Structures are given as C-alpha cells and as structure tokens.
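In what follows, structures are represented as structure tokens.
In what comes next, chain A is part of two complexes: it sits with chain B in the first one and with chain C in the second one.
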Partner chain A sequence: MTTLGPMGAEGVAAAARVTSVRRRRRGSVPATVALLVIAAIWLFPIYYMLIDAFKPNNDLLHYPPQLWPAQWTLANFQEAFTVNGAGPTVPQPSFLTSLFVSVVVALVVVAFSMAVSLFASLAVARFNFRGRGTMLVALLVAQMVPFASLLIPIFIELNKVGLIFTVPALIIAYVAPVLPFTIWTLRGFVASVPVDIEEAALTDGCSRLSAFWRVIFPLIAPGLVATSIFAFILAWNDYVYAYTILGNSGTIFGGQAETASVWLFGLINPSRVTPWGELFAASLIFTLPVMIFFLIIQRRLAAGLTAGAVKA
Partner chain B sequence: MTPSGGEPPTPAGPGGVAPATSRAQRRLVGRWVPYALSSPSLLVLAAIVGFPLVFCLVISFQHFQGYQLVTGGPTIWVGFRNYQALFTGQFVPVLVRTLLFVIGTVGMTLIIGLGMAMLMRRAHTWARVVLTVVLVTVWAVPQITAAQIFVWIFDPVYGVANWLLSALHLGSYASLSTNQWFNYPISVLALAGTVVVWGAVPFVAITLFAGLLQIPDELYEAARVDGASWVSQLRTITVPLLLPILLLLSVLSIIWDFNVYNQVAVLQNVGGISDQTTIFGVWAYDVGFVGNNYGAGAAVTMLGVLLLCIVTGAAVRMMVRGART
Partner chain C sequence: MANVEYRQATCTYPGMSAPAVDSLDLVVEDGEFMVLVGPSGSGKSTALRMLAGLEMVSSGEILIGDRVVTGAPPKARDIAMVFQSYALYPHLSVRDNLAFPLKQKGVSEPERGQRVLEAARLLELEPLLNRRPRQLSGGQRQRVAMGRAIVRQPQAFLMDEPLSNLDAKLRVQTRAEIAALQRRLGVTTVYVTHDQVEAMTLGHRVAVLRDGLLQQCDIPRRLYEHPCNVFVAGFVGSPAMNLDRLPFDGTAARVGDVAVPLPGPAASAARQAGLSEVILGLRPDALSPVTAGDSNGATRLSCQVHLVEDTGSDAWVHLDAPAQPAPLRLVARADARHLPLVGDRISVAVRVAEAHVFDPASGVRLGD
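Our next item is the complex of A and B:
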C-alpha cells in the first residue's frame, strides 16, 4: 500500500544542484564496502526467487539449498500458464486471466485518476479561489486516512449499488487512496512552472488551453509519470481489496476473474504441497515488468518521489 | 547548534504559497473555472473517502451483520455495545501486539534507512548506484510475493535460513527443521516484521538520501575540523536538519505499519495460527469479514483511526499548518 505524503517538485532542482557540487568529493572505501554488503543482503530474496523460478522441482526440494541452480528449466513457467492455480478442488481462474485483470484494473485506475487529478491540481496551483485552503487541508487529511480502514464501508457501499464482485468496483475502490496523493503531488509540479512562462505564451497569442497543452503540460510530464507510477503500483500490488471486493467470483469475458496477487496468494494452500517452482515463475512474471520499468525511470522516480518530501 | 558555514536548507510548507491571481488569468477565464476543474475530484473523494469514513462511524454503533447485507434488512442502533464487546474481548492483547509490531518495524525501517542514506553519501558513486538499483528493485516487489519468498527462505526443511543457521553453528539443523518458524506467534510476527521492513526501507532510504544531499558538505567538514565525533555529527547536524523529513516518514510509516495486513495474512495462512498473531489491520478484517459482523469490524476500524490520530496527531497538525499558508 503506497499512498505517499505531501510532496511537490520544488526540491528537485536544489537536489540536482547539490549533487553536482558533491561529485567532486571522493568516496570512502569502508563505506563503499559496507554499502555493497547491505545491497547484497537486500537483494538476496529477489535473487533467490529468480533462480528458484528456473530450478526443476527435485532441486527445489533439496537439502542443502542450491544457491546456484545445478540444472536450469523453463518447466515452471510452462506450468504457471497451463496448470490451473490454487485449490485442490475448486477450479481457479488461470494465471493469464488474472494477469490480464491486474493489467486492466491498474491501467484504468491510472487513466482515471490522472485525468481527474490533473484538473484539480491546476485549480489549486494556479487559481486563488474561495475554499482553496480548505481543499488543500482536506487533501492532506485524506492522505492520512488509512486505506485499509475504508474497506468495510466501501464494501457495503458497493454492495448497495450492486457493483460488488465486479472489476469496476475494484477500480473505484483503488481511486480512493490514489487521488489525494496524485492531486497533491501534481500540485507541486504545476506550481513549480513559473506563471511568467504561461503568460508569455498568452501574450504571444496562445489561447488559455493551448498555453496549457504546449507550455505547462510538457513541463509537468515528469510529475505525471511519477504519480501515475504510484497509482499503478498501488493497484498492481494490493491484495486485501482485490480479495474482498473482487474475490474470484467476479467475471471478465465470461470467465472467472481475480487479480494476479489473489491468484498467487492462493498458491500457498496448507492442504497440499506448495508448488514453489510454479509460484516463483508466476511471481517473476508478475514482478518483472514493474521492476524493469522502475529501473528504466529510476532517476526520475526518486526525484518525483522525494521532491516535496525533502522540503515538507 | 550554529552551523559555521553554508545555509541549512530551510523547510518550506508543503502547501506552498497561494498563487496570486495574475492579470492574464483574470482576463481570460471566468471565476467558475477553478471550481469546474476541482469539482470532479472533489465529488469522487466525497463519494469514496468522505462518505465511507462517516458511514464507518455510523455502522460502528449499529448491529450490522452479514444477513442484513444480503437481505438489505434494517440495521439496529446498539449504542456503544460493539465497542464494549471489543474492550472485553481481544482489544488489549491486539493493541499490545500492534504497538510492539509498529515500534519494531518503524524503528528498524528508519534506522536502517538512515544508515543506508548516510553510507550512500560517503560511498563511491558506483556503489551508490548499485544500492539504488537494488532498492528500486526491492520496491517493485509486491507485498504478497515478498512474504511468499520469505516463507520459502524460512521453510523448515529446505529453507536457506535454517541451512545458514546450522552452517554457522547457531543451531542444529535437526532441531531447527522440526521447530517450525510459523508455529510460534513471536517468530511469525518477527518474520512479518522482517518482510515489512525489507519492503519499506527503499522508500525511506531514497527519500532520506535526497534530504542528506541538501545538507552542505561544509557543515560536516567544519564539524570534523572541530573534532566532532561521528555520533555528535549525527546528533547535531544530520538528525536536526533531516527532522522535517524524518517526521513525515515516521508518520507515514506508522500509518502503513499499523495497518499491515498482507504480510501477516500470508504467514498466518502458512502456519495456521491466527489468534495469537492478530494485529490491528488483520483484526478489523477478521471481525468484519470472517466473522461477518460489519458493525463490530467498523468499530475496530474506528478505534484504529482514533489511535492513529492520537499517535500522529501532533505531526499531522504541523504539516497541515504548513499547507494552510
């Protein structure tokens, strides 16, 4: 669950400036060694998941554990996609379907929350209107509301309107924790674009709207990327909402629907031997896209994230 | 502490300064524009954050169970009876467990995060990049997957943890493999805490590192010239200047760790013990959904929100004051 605190973009430039000054200093060797040891410890669980996804079953259930696979296999991946998931008796939706549900849910949450919060952030960053202060405080307070505590009332509400156990219901539920954060963060990015630039565009004959599209929008694009990642991750990683609101009794394209995290959770079932190879292969497929994406935008991610927190 | 060189970063309010309505703005757009821009999000927030919160408070005073949900039957006002039942029931043990869990996880997360950030500042650039890549990778791992990896690492028979412990002669494999980690409340919660800390450190470390970058090197150099020890540098420079960020991170971490559900749920599912490992986030779910008693579950939730308000109240007030300006 990652709703984040009050943030903005003001600190990025300052941080970048200081970094360039700092570069001149040489690093210390003991600190470097300590850092590498810590990095190795922190990475180990991921490394272990990665290699175990490629171990044949016999090597997985083997003592002592192999820290480097004796044999490599792709059978686990094949099984993850072909064998039906959890439950010894109840037929479960396939991993592919659940992956598809996760993707759809996360993308719609991102699209919806970005559109809505972009407008709101423009309002609070660019206009001085009655109720602006109240709205900012309300957003800050809304961010402090623990997402988990909304589960019971949201569940009952969705049940009342007849949406419970559907994909749209889950999407609506995820927007709740995302929106306060995205509005707040985007506000910081919009505020960091000088009004002068916009006015210059207006003087040059741009309409208000085209000034926005041509001037503000490109400048706040990094902010849009950073905030949409958080919206995406929240929807992608969540389990308890997905399990309660969608469960595995929803439907998509006539088949049963559940999200990938619910599917994965079900793989560990005390009433049978856990198919670890299959589990890690599926986990890897579930995790890898986000990991790669995170690594590509790593620099921007840290900046977008830490921007306002640093100055809070 | 009087820094002898450079200016300490001045913490600005997160809300920033209210924008002055410019002339161009007044000329080109109507007064209704900001309202039109913000109304969609306000409506959505009211519907899915505001209303549910109020609704939660309301049903916490009602007898509201599964059958009423199905039949749409009337709910009955019961005053404080839900709360009374909680106080005579699990409240105290769950509260103690949750407090210990939160203190442990938040404390470890902040200490490790700060330690990493300080090392990152001192290490070679390439090592810093390595750690950043690792942290970002860890960050991308979903909580369910993280918990499942740890379940496998602590597997009694085939797990790496038991193998390592016996290889280091910290225990005999024979006894380690029969005494399962998932059979004791303390080790289950400690493991859940480990998974939580593992996943929470990246955000904290990266944020604190960005904060450290804003502290001028000259401060540390001056302190070193004055013969200040590592500890007194930490006490007089690092912590005071990072205080606003540390405060924010503490509040966020407390809120997140207080409501931990996923990691504990995975471990409970493996070990089959639940009563003695239930913490607040799990309790609300169990009472509400497993017990089919939404009124009582809502009461647990409201107690949790109240507790969080008390614990984080002062810090949140400071941030809100910043936002108002």
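Our next item is the complex of A and C:
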C-alpha cells in the first residue's frame, strides 16, 4: 500500500472539501430550477400587467399576445389620472382621489392599530390582571373567524350607530379584524424581551413609561414593522369591505370617496368597453406603494417574523 | 456610600401561604461586602430585589443610609444592580450602555463622557466602547454590567449571581476582580450567590438563608468553624460536613461499638436536654486514614472504602463505618500520595475536638 506523505494528506483533505462543495452546488441546481419556474409563474401576471400598462390600446388585444411591447406609450397613465372611473349612473371620483382615500384609510388603520396593539401587547405580556387568560383566548379565537364572515355583522353595527358609508366606518371595520393578530404577534415580541432588561432600566433611573420608550420599544421595532405590514396590506388591498361599507357613496372632506380597489373594479363595466390600458396602468400604480414598502423593509420583515420566536 | 438595613422585612407573594422572605433583620455596614447565600428558593434573590425596589415588601422596612425606602421606586433608591444575565441594552453600544444611567439622571454630556471613560479604564473596556453587547464575550459583558453600576457612584451595589453564567476558570478570575474592585471603591455591596465557595471567599460577612429565614450571619471563618445549626453546617464547606444521627450515652456518640467522645460543653448540653440521640457533625478534615502502626490513642473507626476521589490537589475517600441499623457513610480527606483502594478496610482517626453536635429535633448547635 502506498503511504501518503504530509502534502499528500493535505491534498486529499482539500480535494474532499472541493468535492463536497461541488456536490452541494450540483444538488442545488434542480432546486434552483424549480424555484425559478415557480417564481416565473407567480411573476408572470405582474409582468404582463407591467408591459400592458405601456402598450397602446391597439396592441392590448393583439393575438398572439405580445410578450414585449412593439411600441411604448404613457397614454394609459394619462388616461387613468384624467378620466373618472365609470360607475353605473353616479359620477365617480378620480383615480387620484381614490388613491388618496386608500392612503388615508390604510395609514390611519396602521397608526391606530399599532398604537392600540402596542400597549395592549405590553399589558398581556407583562402584567397579571383578572381576565388576562380569557382575553388571550379571545384574541386567538377572533383570528379563527374568516374575515369575510364578519362583514354583515360589522355592517349592521356600523349602520346602527349611523356611521355607515363613511371613511371612519371603513377604518373601524379594518381595525377590528387586524387588532387580534397584531396584539397576539406583538405580545410575542414583548415577551421575548427579557424582564431583566426592563428591570435594569428601572434601577438605572427610568420610570415604567421611560423604560418602555427607551428600552422595550426599540427592541420590538421589528415586530411593529411586521404587524404594520399586515395591517397595511389588509386595508390597502381589500375590495369587499371597501365596496360594502364605503362603496361609492362615501364622502371625504366634502367630496365623494371610494378606495382605489373599488375604483379599479369600477372600470370593468358591462355598459361600455373596458379600458384595459387604463386599468393596467392604474393597477400598476396601485401596486407600487406595497412593492416599495416591501423593498424598503424586507430585511426588517424577516428579522421581525423570526425575532420574537426565540427567547433571548 | 451608606449602610443598608432590613427591619423585619417580609415578602409574601399573592396567593402564597408562606412568605418568600420572612421577617428578615439584617444590617449591612457602610462599605461592607455582604453575601446572601442559600439554596434555590431560600429567598436570597427576593431579599435583594426587595432592596432594589423590584419586589414588594409585605411588611417591615428597608433603609438605605438611614432613609426609609420601603415604598420608593427603584430609581429613587440610588442603588446600582448587576443582574445574573447582565441585562445589557442590546440596541446600545457599550459606551451608551455605560452612559445610560447618567443620561437618565440628567448628567451633562461632558461629565458623562468623562465618567464613562473612567469606568471603562478601570475595567479595561476602552477598546470595546463602540461594540454592541452581542459582539462581546461573557466576561466582557459582565464587565460592562459592572461598569454600568460603577459610573453611577451609587450608595450601594446589588449583585444577583453575576458570575453564574461564566465558565469555571473565568468565574475564579472575575471573583478576585470583583473583590479587589469593591475594596478599592469601598461601596456597600450586597451580593447574592448559591455557591458557598464564592460566598466564603468574597464576603466580609455571609448571611445564610433557608426557606426565607435567616439562619446565620457571620464572618466566613466563624460560619465554617461554628455553624449554628445543621443546615448551615451542611451547607457551608465542600465537601459537605458528615452529619449523622447517633445514640448518645451521656458522654459520647456511639458509632457501632466505637464511642466517639463529644466536646465537653456539647456533651453537657445534651445531658441537660435529656437527649438519647445527637446529630454528630464531622468535617472531612476531621477524619484521616491512619496506618496500622500509628498508636497515638486517638478515637478510631474501622471503615471500608467504597469510593476514592482524587482531584489532584485533594483526595476524598468515601467510607462505610459499621453502625446500626445501617452503615454510616462518611467522607474523609486523605493524602493523595497514599490513597487506599476501593474495598480496603482502613482505620480512620477522628479529631473529636473538631466535632460539632446538634440537637436532633431542632437542629440547633449544642455547646458553644
């Protein structure tokens, strides 16, 4: 048997490492291909919406479909911002107005639900009080109820108090299903902050409130980001609640109000030809805030979703 | 700097029948290093937290520097606490961690910077000032926690098992550093540990707690040589004292056929109490294997070796001594150069002058 010298032994070890890396790389190729295929399937509708937003109307219904525009135009965007949405008989607000309504609703829902859930989560995570266990169970049970099934009872209650067909009514309707999730999730983040750290802040000269703002709040910021995304997406994307509770009868600052999702759907009208170019352009603009938001906070989102999972 | 006093201080948690700390009377003098020691659930951490204002005081009083602070919030007590987990603020750098309590106090920025640098210099933290806690080792974090306490120049330091998360070697090193630091700064310190070796080496005085009750508070040497009851006798010292309940014949405790004469005052106290049994305590140091030719007249027990532990610097021999109804298990210190073998039958000399005697019913020390 041939014995290996010192260099030979090191060479064998190095070769083994290279083989292992190659094996790992080879092993990941089928997975990568599969992921690319799945990504392509998911991204294709968005890509198609993107390119059709820039196509002239004549090319939109071209057969076979053009996967790359022969001509580029911004006319669809101009149309979206200047022509009112076509409703049955009632004049519709402009796309800009509906975007404004969506922004106001979404931001107020996020701000209000974050403010309430921040202190509620602190209470259930840190303090013992009568009914705490029942409240926690209620938060869990509330999340099991499908969002759509709450629509009718919420409508009835809002109608009773005379708020129906107003923007505040829609905000309330969104906050109600969001709160259980945000409180429950933030509770996990607050609980993952060791009590010692808060007590250290108390002995270092903080009051309860300043210990919260100076120590706990910065540590649960990733959790706030994660839960605010959930609230934002629900309030921004929803159609059913927006149409039922606000519809196109709502008002805001004295003017007619409907959300962008309702406005977009209003473009599809059996009484006229659907303006597909305008629809795609408006849809693209509608998706931009969520996409930009995700791009900015995606790293914090990943940290936020996992940070509360393991106790420090 | 100030003294600290517990006056009949009691803490009973809601829903619990027994107090976690029961009528604690303890005075820590100005500049003293007091160690609270005891097993888990003894109330030592609760007592410390009562002093810090983190636990409620059900009854009694707590004073810091002659000022009653019983109902005062932690921030009003002018104490600095080092936690077992260090409790560093993860979102702040080491510099900001050290400066945090000064900022809360409203100290000006120039003075803050100066005091932070002084503390960093004292604890060799200067190269680490811009790091975050997650970038530090356990020992470094411990020093930052100490530094955060030092910058405040408080009336008292409170330390809750600060060494328990360190490895054995680092623990020994840091223990010495803490002792030196306290001597240098002269700050009244209350230190909690479950490790009796730490307690004996660090404290000017050690308070032993059990089930919320103070058992004995004394200098380490006296705790070791004159434990006031069976619990303290068994808790202080490693290996633990040999404690056995034995028949008492008026002058001696009987180990099988062998009479182990008790110290005069202890025997007298046992006779006066009319005891037919006593608990005899013998530290492993008081028992030593002897050779067959040694005939100095000392009390001897014939024992069988069932385990030998050679730790390098020390050797401990586990023995069975014949007794009724069952053999006595004893641990004796042996010369590591001449260790018996397992199964050997050897003669063990008993230094009766070092015997401790306790009442079997109450556990209280008899005699002196």
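Just so we're on the same page, the second predicted complex is superposed on the first by the 270 of 312 C-alpha atoms of A that agree within 3 Å, B and C clash if a C-alpha of one lies under 4 Å from a C-alpha of the other, contacts with A are read in each partner's own complex, and residues count from 1 in each chain.
One rule holds for everything that comes next: a contact is a pair of C-beta atoms (placed from the backbone, for glycine too) under 8 Å apart; a residue touches a chain by one contact, two chains touch by 3 or more.
On a predicted model such as this, the values are computed, not experimentally measured, just so you know.
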Legend entry - Residues of chain A touched, compared between chain B and chain C (which is higher): B
Inset, instruction - Could you look at A:L96 and tell me whether it touches chain B, chain C, both or neither (first, second, both, neither)? - result: neither
Inset, instruction - Check the residue A:L202 against both partner chains and state whether it touches chain B (first), chain C (second), both, or neither. - result: both
Inset, instruction - Go through the superposed model and pick first if A:P194 touches only chain B, second if only chain C, both, or neither. - result: second
Legend entry - chain B versus chain C as contact partner of A:F127, first or second or both or neither: first
Inset, instruction - Mind working out whether A:S210 is in touch with chain B, chain C, both or neither, as first, second, both or neither? - result: second
Inset, instruction - Considering only the touch criterion stated at the top, classify A:P218 as touching first (chain B), second (chain C), both, or neither. - result: second
Inset, instruction - Identify the partner contact of A:V175: answer first if only chain B is touched, second if only chain C is, both if each is, neither if none is. - result: first
Legend entry - Residues of chain A that lie at the interface with chain B and also at the interface with chain C: 199, 202-203, 312
Inset, instruction - Using the touch definition up top, name the residues of chain A that touch chain C in the complex. - result: 194, 196-197, 199-207, 210, 215, 218-219, 312
Inset, instruction - Under the touch definition given earlier, write down the residues of chain C that touch chain A in their complex. - result: 52-54, 73-75, 79-81, 83-85, 87-91, 100-101, 104-105, 148, 152, 158
Legend entry - chain B-facing residues of chain A, complex: 1-2, 4-8, 10-11, 14-15, 18-19, 21-23, 25-29, 31-32, 34-36, 38-39, 42-43, 45-46, 48-49, 52, 60-65, 67, 116-117, 119-120, 122-129, 132-133, 135-138, 140-142, 144-157, 159, 172-173, 175-176, 179-180, 183-184, 187-188, 191, 195, 198-199, 202-203, 208, 233, 236-237, 239-240, 244, 261, 264-265, 267-268, 270, 276, 279-280, 283, 286-287, 290-291, 293-295, 298, 301-303, 305-306, 308-312
Legend entry - Of all residues in chain B, those that touch chain A in their complex: 9, 11-12, 14-16, 18-22, 24-25, 28-29, 31, 33-35, 37-38, 40-42, 44-45, 48-53, 55-56, 59, 64, 69, 116, 119-125, 127-128, 130-146, 148-153, 157-160, 163, 167, 198, 201, 203, 206-207, 210-211, 213-214, 216-217, 244-245, 248-249, 251-252, 255-256, 258-259, 261-262, 265-266, 269-270, 272, 281, 284-285, 288-289, 294, 297-298, 301-302, 304-305, 308, 312, 316, 319-320, 322-324
